[in-house]
Each structure stands twice: as structure tokens, then as C-alpha cells.
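First chain A sits with chain B, and in the next complex the same chain sits with chain C.
== the complex of A and B ==
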């Protein structure tokens, strides 16, 4: 326990209960929000910027819907369903992982030392250092597309499909979140590595907006078995649409998103611990 | 049982050897392209509860590395550490609840929020009971005179005010040990005085053990009875302050600017060691005369425009230790390390 505790991913210390952690999370996130509100002009610009971003995103979808009628055998609303899952889970993950997204600065400026002299795990402190509230628009947009696509397709929300919807959003968010954590942890080795991991976060959000059928077979295998991007939305969507994998994987594979999510969490946890350990032995 | 126990502590960094060009970058990946830097090379000491210890040395001597190992930020390469009965790097968060850390150059506070907000947040981070928090806050408000700027954003505080805030923040959770890294750096005389006064009080009244690093010998003289000098990763000296002061730290320098240029200054109990036009450096021993008497003596003979007194720098003391050595016994039994045999 002590070993895990030291690298900051261990169980709660000082006998803190889960509700206490939640309360502390909101307190710290609230402090961050109040700090940002100190700069009223830049905060206003941020809000305007986010709104514009949202408009651009919506425009992108309209253009997409207008010119493309079907894609690799997927109809327009089916692609929209994929996009809705990908977009909303990415946005939720990005909002929750905001502290990890900016984390490399802590290593560059040496402020990670301060994290290590506080009686809280480094992971929790980083998690609670920021919350991307302004991503709420993007989350809403993703969910909206998801809703419209499902209504258009006339999806029959049987209990198993409804459960799948929730499980998919949770798994997708977890997988994206784990990539953000791995990206943050990579800055313990080199700050440039952050850019490589961006391929899986921002790049992953791009690639999962389209059916995996459009990918070449080796890339498809890569996003299924190596970095499980296809489990963010592709396989669950096949299940909801009542389809089998066109490339012949057995039907139960479509149910494996939570397994992929757990695997990603374990991977992220390992990389984070190794990173903190490395920092503790090199001091930089 | 000592509160800090350190034995054979060492920290070796592997630093990539810089090589030019693309070929060099590839070579660096190969084994043997690293250079080993012994930041701390076998340090042994213990600190008793309630001590105030000065830990000094030139830049890069290993001070910060030692403190990072004592707090659990860094894992030692070799040796053993126990602080409050805990192993810092393995029981880091447990230990963190029992220590306080003040880095003079880096803030522990929330930069954009009022000072009181930082203290409230730390109260929850350290789980300080409400009554205890109230009592400590009241106490620190009075001792450090925080009221005038408690609701000012930290970024708008003067360095001295911020430092007082940092001290309050580091002590809110009643730590048993407080590490202070350059706590008076950049402060004016009044602010320094206030901070030293506070440190003395919390040491005396609350029994807090203090370990401070500083470049300012007067910090040490006014606060610490024990001094540890580290240089090139090794302890050069660990013992009473008097021994060092009597041998190496007694000579201070009075720098005077005269109204008009003159020949060599001739005043009793001091000798001119340097002259630069109207500016003169007079070295004197604490045992021979006081600064006030010397200034009076100079003023009686010459017209002075300006003056300052220079304290001996830690670097100068270390240089003299290397040059002259400290023979064991000559400075009392407290001395545990003799210099420069096999660095």
C-alpha cells in the first residue's frame, strides 16, 4: 500500500472517505475557477472563443451531412450516431482531464515538487487542478447529434440497448481520459512526447468520427487491439444497430468496450506510476 | 529517538553528456553516453526534536537535493532516511501531513486568490479541525500581522507579505518539522527581522523543528545554534555555530564612501583591505571592536558620505575551511567532520 501511495495512485490516505474526496475535488476545482474569473477580459474571450468553436463544430457537421450520403456502407444517420458517441465522450473526457492536458507545464516549471509535499496523491491533485467547464457546449452538441441520429434511425431502446448507450458513453469517456493521463505522464520522460500522445486523444476523436470500415485493415486492427479506439463507439454502435462486424470478428466482441476501458485504466495507471517514480529518481 | 535520522545518504543523477550534431544525438542513446553527477555523496546526520539547524553551502552543493530526499520528493540512490519514524519516499503522503515546506522562490499559495482562500484550501487539504484552524489562524494573524492583506490576491503582495503568508500556510497543520529554503531571500532588513522573530517563536512555543538553508549568514547567526555545511555533496562541518563563528566568521567588513579621497585610512582595530577611489573596505574582528565603535572612530577622523557593513559570506567561510582546515578538537567536540582529505 505504501508503495502505491507514494506514487500517487494508491488508496485514499489520511482516512478520507469518498464523499470527502468529492467535496475536496469541488473545492479545488472551484478555486481554479475563481482564479480564472480574476481575469475578466480573458475569461470573456474564452467564453466567446468556446461559443465560436461550437458554431464551427456544428457547421462541420452540417457540411458533412450535406455532402455525404453514405460512407463504406453506413448511412448518414448511422455515421451521425458514431460521431455523437465519439464527440460527447471525447468532450466529457477532455473536460475532466483538463488538469492532465496542461500537466507538462508542472514538470517544466518544477511546480510538481509542490504536489509531492502535500498529503494527497499526485493523481488526485492533478485531476482536481482543473475542470474544463467550457467544454460543456461540446458535450451538449455531441449528445444532441446522438439523440437526433437515434431518433432518425428509429432505434428501439430496449433495456439492453439503453444499457449499452450508458456503458458506451462511460467506456468511451474512460478510454479518452486514459489517453490524456498517459499523455500527461509521458512528460516525465520528455515534454515532446505529449505531442505523440495527442495523436490518440485529438487524433482519436477525429478517427472515431468515421466508421472503422474506412480504415485499411492493419490500421483497423491497430485501433481494435493495440489502442482500443474502436471500442469507444464502433463496436457498441454495431450492437445498437443490430449488425455484425463486417470484417468477421465474433458478435461478443461488440460487448467488450468496458473491458477495453478497464485495460486502458490499468495501462494509464501503470504509466502514471512509472512516470512519478521516474520523476522521483531524476528530479526533472 | 531523533526526529530526522540520515545515514550514508547519497543521490547520483545521470546526466546526458552533451554532444553536437545528429550523430551525437544517436550516440547519446548508446550506453556510456551518460555522466554521473554525485549531488549528495554520503551524508550522515541526525536532528533532535526542537532543534533549529542551519544547512548551508554554495549553489549546487547538494542542499536542495538533501531536502528533496527528506521530504520524499526524491528517492535516494543509497543510504537510509527516517523522518518522524517514516521513510519519506515510501510514505510520502503520510509524512507530508506532518511536515511543512517553505520554498523562498516558489509559492505554495494560490497566486490569483486572496491569501485567506489559500489558507482555507490548505485547511481542507491537510484536514485541520475547524477549532484548531481558527486558533492557529488567530495566532498567526497576530504574530505575522496578516490582517492588512489577508483578503488581497497573493500576486499583489509584496515579497515580505507573501513570505509571511507562506509561513502561515506551512504551519497551519501543526507540522513537527518545517523545512525552509532561503526564507529571507530578497527581503529588506525589517521583513527579515520579522520572519526570524516568528521562526524563533514557533520553535520555542510550539517546539517545531526547523531546518533552513540560506545564503545569509546572519539568518544562521540569529536563529541556529547548530550549523551543517555541505559542499560538493559532502558534509564539511556539523557542529556548533560558535566554533565556526569564532574561527572564520568574526571578520566583518565596513565599507565607507568618503567625501573626499584620502590616503590609507588609519583607524584602530581595523585594517584597510581594499580601496577604490573614495570607497574603502575596512576589515575588523567582532572580538576587537563593535561596528558602532568603528563607525564612530572613522567618523571622528574622516567625513563619511555613506557606509554599509558586509557579513562574511558562506562561500568565504567555506573557502577558509578548505584553506585552513578545522582540526578536530580545536573547535570543540561538536565538530564531526574535517575537511578536504579526499574529495
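== the complex of A and C ==
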């Protein structure tokens, strides 16, 4: 796959096919996952901790609905549906992007050199260096809320809605994943400002748990047209609930999540390759 | 005492080295505060009063929790756990001064930095974006800073206990993540504790975690004054003493059986 190789600027790679990459991914990540699973108590604690972290966000929503019947025009199960989409795609993205999580260390210590001399794209190697198996708690919790909310609302799973469900989870995961990659790639310029990316990853996960109707109008345009957080769950959920955009955007906008996801991938890919090209290793 | 003041000063100065990182942190905290405030506004669209908070009160409560986030440092503080894992703790324990006092001084120096460079700028952001009313000068400020100091000490005691479990288990971080996720909620950081069902609320208010966030934030809002302020600060003080005493006992128990890693 030329596409994957082109992302990391490394030595020329032997032409590998997608199935070969998949096999390689599982082999590399499998070793890592097995080592994590060796420490059973640690692993269990991390699973519980990660599930609890997201429950805190859900707790906030539940507490608010003790006092109100609708938040910006959305009922509790409707907000829960939004939350289910955003928390499960965030959790899957976070698990997949685990290799990018502590990536800045490779840049600070110069160990990224090693990645560059291996006969595989730098992006693929970083991607395959870790998988957050312990995030399974978060993923499960998010999907559970999604299921309960859909059942509560009595969503009629017609083929188009079912397809929307899958496409939304895939697009949302891709959008969050791209933010994690951009965050890691920012280390090529400075490792001091990494925290700003949290605005889009953790901040994105926080704000997408609520309907975009709570946002001020400029912020709402920002998360629709600039940083496509609203496509993680808001527009697809409007479609699933059979609603139009309250601000009057045409109905087909609700179907654009995959387009937003592709745009984010392209952006992340550009930032990553620019960063890799800029990398100069450390002194000493 | 001078020694501890010096330790605190060094901890303050250490933070000055991370200027860009701290600026990035300030921006991040401010954006989160803004988003949290928008959700509070949406909540109050439907009604004027929630559990005794009006919209201004709830907004300033939320901004107070957000502004003091780095002073109280509820999450991700594993400085002591790292020294236990690396074995460096031995030289810390062998030093001719109080181990606990050393770390407390260090933490207060760190908190002082974040009060000046993080908390006050965030309060300024809150005032300029949402018109949050400030505590009265000087008494309101004095009460706020005083209860914030006690909150930091209580939080330090709790974080220290979590870190000290590393003497016995390799899972201090796993336990810590669970504890800190719970504390985020139980302290009143996510929503003011009076928003919770009465029974849960009463239990939470009696726990030490309320002393870490709920109390100083309510003082900032102006909900605690006079006798109720004294009672809340007294409870904070009691929790500080209890938590630090617990830390001291744990340190004593740990040093009796300390098994140094790293050789």
C-alpha cells in the first residue's frame, strides 16, 4: 500500500499489501497486549478506572436532568444517544491511538531515529506500537449507553439508520483519531504546547456529549465548518431522530460525517508528514 | 521552618521553567471553562434556580472550580510514587527533616505558582467573558484564599496517601486513577454537591473531598459566610489534620518495612 508508506517518510519499504499490514499490526500489537495482560490486577484496575472516567461525564448529564426535562430542546435519552456516540468513538480512537499518546518522548529523547531506520513507514510503526486494550471499559460503557438510549427512544432500525449507526461510529472514531495524530505530530515543532490538543480530544469528547445547540453561534459554526466535531455525533443523530438542523442547514449536511472524517485524515496526514520531514533528532 | 520555605520557593521557581507549557495549559483550562459555562447556561435556560444556585452563582461556582484546578491538583500527581518506584525515596527518607513536611512544602510552592499564574488569569477570563462577580475585598478574598489553602493541604494529604500505596503495591497508578475519577465527582468539581439527591449530597458533604473543591468554590461564590463559613473551614481543617496524620502513620509503617527497589 503506497498510501501508508507515503505517510511516514522512511527508507523505501518492500511493497506490502493491506492484508500483510493487518497481519503485521496484530503481531506487533498482540505482543504488546499480551504483556499488558500479564499483570491481571493492574489491568483490571486500569479497565475500571477508564470506565469510571467517562461515567463522570454521564453522571453530570444525569444530575442535570433531575432538574430539567429538556436541555436545549433535547430530552434525556436523546442526549444519552449523543453521549453514547461520542464516548464510544472517543474511547475506540483513544485505544487505537495509544501509540501516539506518549509519542513526544520519542522526539524529546531522539528515539524516533530508530523508527526511521526500520523498513516500515514511521506512521504505521507508531500506530502499531501500542493498543489501549485497557480502554475496553470505556468502549463497553459507551456502547451500552448508546444501546440503552436507542432502545428507550424506540429507534426503528431501518437499513438506512443501521448504516448510519455504523458510519457514525467509524467517522467519529476517525475524527478523534486524527486529533490524536495531530497532537503527537505537534511534538515535532514543540513538546511544550501538547496540552492544547486536549481541547479537541478531551474537550471534544466533553462538548459532543451535549447537543451543539448549547453552543454560541460562532462556536457552532466553528465545530461544523472548521474543526468538524459536530459530525462526530450531532448531525448523524439528527438524521437518526428524523430531525432537521435547527439552524436551517440542508438535510444532506447530516450525511456528511464520512466527508468530515476524510478531511480530518488528510489534515492529520499532512501535519504528520511535515513533522517527520522536520525531525532532526536530538543532540548529544 | 526556613528550610520548608526554601523548598516551597524552589518548587515555585521550578514551574517558571515551563513557560510555554503553562501558557498552553492556561489556554486549555480557559477553553474548558468556557465550554462548561455554556452547558450551565443551557441548564438555566429552563429554570432560574437549581438547588439554591441562580445562574450567576452556578457560573461563578463552575469557573471557581476550573480556576483552582491546578492549585488543588486532583489528578495525575504521581511525584512521590515515582520516587518510590525508582528507589530515590530512600534518600528522601534519610534526610534530616520531616519527609511529609518536605513534600507538603513542595506542593504548596507548586500550588502558589498555579494560584498566581493560572488561577488569577482564569478568574480574569471568567470576569471578562461571563461577568462573574468577584468576592468582596478584602474579607471575601481572604476567606477564599484561606479555604483554598486548606483545600490544597487536604488534597495533598489524599494524593500523598494514594502515592504511598506504592510502597506495598505496584498498582498505585491504577488505584489512583480510580480514586481520582471518584474524587472528581465526590468533591463537587463536576456539579455542585447540592445538585445531587439529598442522601448522596449529605454523605458527600461529610467526606473529605468536599473540603477540596466544594468549600472553597462556595466561598468564592459567596454562599458561605459568617458562621457557616467558620464551620466549613473548621471541617476542612479537621480533614487536613486527619489526612496528614494518616500520611504520617503510613510513612512510619512503610519505613519499618521499606523494600528498596533499584538496589
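As a working rule, the second predicted complex is superposed on the first by the 231 of 284 C-alpha atoms of A that agree within 3 Å, B and C clash if a C-alpha of one lies under 4 Å from a C-alpha of the other, contacts with A are read in each partner's own complex, and residues count from 1 in each chain.
Throughout what follows, contacts are C-beta pairs under 8 Å (C-beta built on N, C-alpha and C of every residue); 3 or more make two chains touch, one makes a residue touch a chain.
Note that the structure is a prediction, hence the values are computed from the model and not measured.
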First, second, both or neither for A:48, with chain B first and chain C second: second
Which of chain B and chain C A:31 touches, first, second, both or neither: first
First, second, both or neither for A:198, with chain B first and chain C second: second
Which superposed partner A:75 touches (first chain B, second chain C, both, neither): neither
Which superposed partner A:63 touches (first chain B, second chain C, both, neither): second
Touching partner for A:102 - first (chain B), second (chain C), both, neither: neither
Touched partner set for A:216, first chain B, second chain C, both or neither: second
Shared chain A surface residues [contacts with chain B and with chain C]: 39
In the complex with chain B, residue positions of chain A that touch it: 2-3, 5-6, 8, 13-14, 16, 23-24, 27-28, 31, 34-36, 38-39, 110-111, 113-114, 116-121, 277, 280-283
Chain A to chain C touching residues, read off their complex: 39, 41-42, 44-46, 48-50, 52-53, 55-56, 59-60, 63-64, 66-72, 190, 192-196, 198-199, 203, 206-207, 210, 213-216, 219
Residues of chain C touching chain A in the complex: 18-21, 23-25, 27-28, 31-32, 35, 38-39, 41-43, 45-47, 50-51, 170-171, 174-175, 177-178, 181-182, 184-185, 190-191, 195-197
Residue ranges of chain B touching chain A (in the complex, touch as defined): 13-14, 65, 68, 71-75, 89-94, 96-97, 99, 101, 103, 106, 108, 110-113, 117, 121, 124-127, 153
